[in-house]
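Paired with chain B in one complex and with chain C in the other, chain A is shared by the two complexes that follow.
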Partner chain A sequence: MIKKKICVLGAFAVGKTSLIERYVNSVFSDKYHTTIGVKTDQKDVKSGDKDVRLIIWDINGEDDYQKVKPSYLTGASGALIIADGTRKDSLAVAMEMMELIKTTIGEKPFFLLINKSDLRQDWEITREEIEDLKDNKINILITSAKTGDNVEKAFTELTGSIIENDL
Partner chain B sequence: MEEHTENNGQQLPSMDELRELILGLNPDELNKLRQWLRDRNSFSEEIANILPASVIKSIELSLPLGEALMPIIEESIFASVQNNPKALADALFPIMGPAIRKSISDTFRSLIESLNRTLENQFSPQRIKWRLQSFFSSKSYAEIVLLNSVSFTVKHVFLIHKETGLLIQDYSAGDNALESADMISSMLTAVQDFVKDSFANELEKDDHLNAIRLNDLNVWIEEGPYAILAVVFDGNAPETIRETFKETLENIHLKFGRLLKEFNGNSDSFTMLKSHLKACAVEQKKQKTNYKKPLIIFSIIVILSGIWAGFTIRDNIRWNKFIDQLSQQPGVVIINSEKKSGKYYLRGMKDVLAGNYYDLALKNKIDTAKTVFKWSNYISLENSFIIVRIKRYLPENQKVNIFSSGGKIYFEGEASSKWIEAAKEYTGAQRGYFTADFSKLKNSISDSLQKIESAINNTSIVYKRGIYKIDSVMAKEFDRIISLTRFYHKYKSDILLKYMVTPDSKGDSTINIVFAKYRLKTAGKYLKRNMPEIEIKGIINYNSEYGHRTLIFNLKKND
Partner chain C sequence: MSPKEREYFSIVVENDGKIIHIRNIELNPFDFKIRKGERIDDIFPVFYGMFPFYKDELLMEKIVFDNYSGSIYLKNEYDRINIYFHSDNNEMDRIKNTVQRHNQNKLISKLKEKSEKFLTEDILKDLGFICLEKKDKDYILSGDIPQWFKNLFPFYNYSSVIFTPEDIFPFLEIFLPKAEDLFQTEENGYIVSGLWTQFNPDREEFVMRAIALNSSGRHYLLIESITERNPQKHNDLQRSRELLLKHQKLIRSEETIRQLLKYREEFISIISHDIKSPLSGAYSLIDFLKSDENFMKKFSAKEAHLFDVIHKNLKDVLDYSEQLYEWSHLNFSDIKLNKTDINLLSLLIDVATNFSDRLLKKKVSVEYDIAEDLTVFVDEVFFKNVIQNLFTNAVKFSYQHGVITIKATDNKDFITIKFSDNGTGMTKDVMKTLFDYSTKVSTKGTEGEKGTGIGLNIVKRILDVHNANIYVDSEPGKGTTFTIEIPKN
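Let's turn to the complex of A and B:
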């Protein structure tokens, strides 16, 4: 059993906790509770022939009242950076998070998840912006914690990248 | 210089070309090699250039460079210390100082905590209880204190990768295996990070959260360079046990430091660490002292002691009562009484007339078989005993009552002179021991004497007118008087018989007086003649109340 620490970060209320809940417990709740500090979850997955235990650090959303503590990222093998498709500003925060990851843990694999695909009609982030990011070799997935769309895939692919990175 | 040789018009290769073909090195390269072999400085310089990269490469390739260099490094350190200890001390100074201070601080904190605990309980009933526990068990007081003060059980031990917060290995005591050990480890790390970040300004670089407490549940955390040891226990553990945890962490780092540093999440390589973690899973429970056996023995002892005490007290009470009663017996003097070796000893003095002590002992249920009496004879001056002795000495006289009152022995009643004499003689011999009083004792003759006296005093003889001689009738009276007086005289020798003559009141007073004188003289002669031993005295009494021509007598005792 290989254990890997991954961090999930992004702006506040983008759906970090919901994505984790969906992935770990297959549940979704409309109720919003802001995360203070960090909370952890775990999920056992299989990546190829390897059994991997993901220790998922759900880090509080970055806003004016709470800043992401870099120490939470220490030792992470990878990260999921979440943005909210309906809030353009969350993408800017996601960019900041990417920088933070690079400066804190170096060139570790990460995925940018544009969440709330179930509210596509309200999206502020455009397709062009997403394509631009893809062109910059950023791994992007469109997800929905509510519907579960691409949630499993996000974690699985990140895990794969992490294992591959180890090799 | 290239040398070419011709052979049948063909140009043969030069030596240099030949060398290059054989060795694969061009002339420049060969020259360089040559230079290295010949010039050591040049060779050293070349090695120096590639040495750092070589070391780095060795590390990347995980080659055992460290192990290979270890003997040289040890020798170098040894030589450095021998040569110039200051150099190494200066180098280590920045880390030694904080480490020493921290160690001292930890030691003092643990000492104070221990002292506080001791002081808190110093005068508590709990300490008295522990002393009793120590008394009834085979454990010393210090052991009992330790067992009661440091009751704790280690539940879980986590070894956490410091950087990632991932669980490297864990150990759970008993059936307390945790499914969420990984999450716990990561949360512990998150909490550590939170605390360090939040209080960064107040903390020193190496400070870390080292204890978390929730009621009886404690988590003690020790940090090493690459791993954190978290021990979860409930109860009160002494600070000294933290040393065990520190030592365990240090041992793990010593043996597996490189593995820890390179930990990539695969904990399979660390299964051997479980035994190290198990060493931290110590337990000290409050030993339930088995009171049953000591209590039973104690109860038996108490019961037997109670029974023995009861019998002893009963015997003592009986004995004391017996002594008390015996001492009140007349004719008994208790000198000493004691109990020795299960027997009662009594020493005293006893009058032969005293009561039977043996019966008294039996009456008080004294076990005479366990009693030793030592009596000395003595004569008691108890009045009752004196009276008994008097009665034994004197002839029996029913008419005399001998009794004591107010410290005197009284004789009351009537007894003969002889008896009285004997009594007085006896009591006189005992003078000083008691006082006898005979005032209530009458001599049986004294009544008679009193009657005689009365008879004499009441006798009056009347003369006929003109007669002064004693006729036969008168003589009888005189003789009677004489007889009575002489009898009286036997018992009362010092007496005076007075006789008085009264003159006639009729006729010539002068003649009456002459006749009175003649009568006086005649009576005197008669009396004197018949009782010469008795003093007599006659007078003429002119008081007519005594009668006329009368002779009266009066017997007087000369006291």
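Let's turn to the complex of A and C:
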């Protein structure tokens, strides 16, 4: 079994922990519970013919009170960067995280997840902004930890990209 | 962290960041001297951009710079900012003291043989650490396994004392290289990791941190669970973020409501304006036909009555659309008043003249108790609308031979106008929602007169923009008095 570390990053309360909970344990809670430091979790998956143990690093949300330590990204094979569709400012933080990844671990596969698609009527991030990001070759998925939309797909596609990147 | 409970090393700065005082110098966690007069952000770049400090307080947790690791708490007290440093070193002091105490006890009890291990099982049990000693390339379990570890890994295989820390605690993957660097130095010292959380099979959370320790040529990796001690810090951050989320949500809701209100008022304005012209045309046409005697002679009395009904109903709808149009334009953020001194009695008599037909029909008399030279400083057009609405109301709810009394007094700072009738009056429940535009309830008058239900809301809006007050006093069966207070300036 090969081990791969993936980091989950983004502004606070965008749903990082909820997405991981949904992926690892298939559960969801509406209650916001802030993460201090790092939460590590793992899941064994199959990617093609390879058995992979994903070591998932749920890194504290970035804001004035907590900053992401670049050292947390060391050894990561890829990342999921999360933004909250209902909070435009979370997209700016996601952009900073993308830069942080590039400067810390280099050109590793990552996906930008615009989370909370179940609250689409409250979205501040527009379709045009998402299209612009896609035009810039950023892999984007619209997810919902609440309904599970695209959550499995996000982790599966990232794992696939990581394995492909290794070849 | 509560600075009142314990003494911390603290620095007092002015709002611009200039250091004016240093407290508890003996607890200074830094290996250099801090001087008054210097700027705090020159010494500690972590504060760069934070001064002038506009917040009441700020807690920065898990701050790491130079050799410092810990929390920093800023408290603004009358533009002097107290900065408290809560170093994690305190935790190391706790460990050191415990180790020291146990070693001293050993000496006292004359257990002179050199211990195999620097840290005894007793000590480890006291501290709640899992202790791994680095020997060659391996981490060897030293001492007892704490209960929290057993709870976190209930199925752990203890067959070997050799541990691979990063396999058990993935977070250590980034800490161990730093620990190795420390172990290479062979100097006594320690480093503390950041916090991390892991789950046991029942999804219970365990918050942990690690300490790498060089002591007397031995190298230790200590891991402790701080799940029990963590809640307060965790709660503070949780609360501040929840408040921030609520605040952001309120701002968004406010903006949405503002846009909806604007849209609604624009919509009503357009509709009421556009409907006014055709209604006015139809009303004028019926009015013209009704005044043509030759034309009307062609109709029977019943048919002529139908003309009257159409004429009256058109007038009601026209009045209503005019009121709506007026109401939708009373967006007071945009309104510009043209205030002048207006003779109150003249204005009242002028408005009452417009009501002469209705007053005559109900045989209602109007009595004035107002000084002839009394003036009010108002916008004449808007204020006339107020008086018209009050007259409409008073006449509507007056019985035959009723009396409307209007009294005005000149007080020191404002003019008080009391507008009373001895009509039907109203209940307290009706009074409560009288000026509320969200409850547009129209009550029929004593002779079945209809209203729009928004007249008194218009009155309230106009008086609000004049900074004037309006009160209502009423009793069912006895009548109603509206009291208006208009500021003199």
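Methods note: the second predicted complex is superposed on the first by the 167 of 167 C-alpha atoms of A that agree within 3 Å, B and C clash if a C-alpha of one lies under 4 Å from a C-alpha of the other, contacts with A are read in each partner's own complex, and residues count from 1 in each chain.
In the analysis below, a contact is a pair of C-beta atoms (placed from the backbone, for glycine too) under 8 Å apart; a residue touches a chain by one contact, two chains touch by 3 or more.
On a predicted model such as this, the values are computed, not experimentally measured, just so you know.
Novice: On the A-aligned overlay, A:Arg87 touches which partner chain: chain B = first, chain C = second, or both, or neither?
Specialist: Only chain C is touched by A:Arg87; chain B is not.
Novice: Kindly classify A:Val38 by the partners it touches after superposition: chain B alone (first), chain C alone (second), both, or neither?
Specialist: Both partners, chain B and chain C.
Novice: If you stack the two complexes on chain A, which partner ends up touching A:Phe12: first (chain B), second (chain C), both, or neither?
Specialist: second
Novice: One more residue to check, A:Ile2. First (chain B), second (chain C), both or neither?
Specialist: A:Ile2 sits against chain B, while chain C stays out of touch.
Novice: Which chain, chain B or chain C, ends up touching more residues of chain A in the combined arrangement?
Specialist: Larger number of chain A residues touched: C.
Novice: Just to be sure I read the superposition right, which of the two partners does A:Trp57 touch: chain B = first, chain C = second, or both, or neither?
Specialist: So A:Trp57 meets both chain B and chain C here.
Novice: If I apply the document's touch criterion, which positions on chain A are contacted by chain B in one structure and by chain C in the other?
Specialist: 5, 37-42, 55, 57, 69, 71-72, 74-75
Novice: State the interface residues of chain A toward chain C in the complex, per the touch definition above.
Specialist: So the residues of chain A touching chain C come out as 5, 12-13, 25, 32-42, 55, 57, 61, 63-66, 69, 71-72, 74-75, 87, 122, 124.
Novice: Flag every residue of chain C that touches chain A in the complex, lowest number first.
Specialist: Residues of chain C touching chain A: 58-62, 64, 169-171, 173-174, 194-199, 203, 205, 207, 230, 233-234, 237-238, 240-242, 244-245, 248, 252.
Novice: Where on chain B does chain A make contact in their complex?
Specialist: It is residues 161-167, 180, 182-183, 186-187, 190, 193-194, 196-197, 264-268 of chain B that touch chain A.
Novice: Mind listing the chain A positions that touch chain B in their complex?
Specialist: Contact set of chain A toward chain B: 1-5, 37-42, 52-53, 55, 57, 69, 71-72, 74-77, 166.
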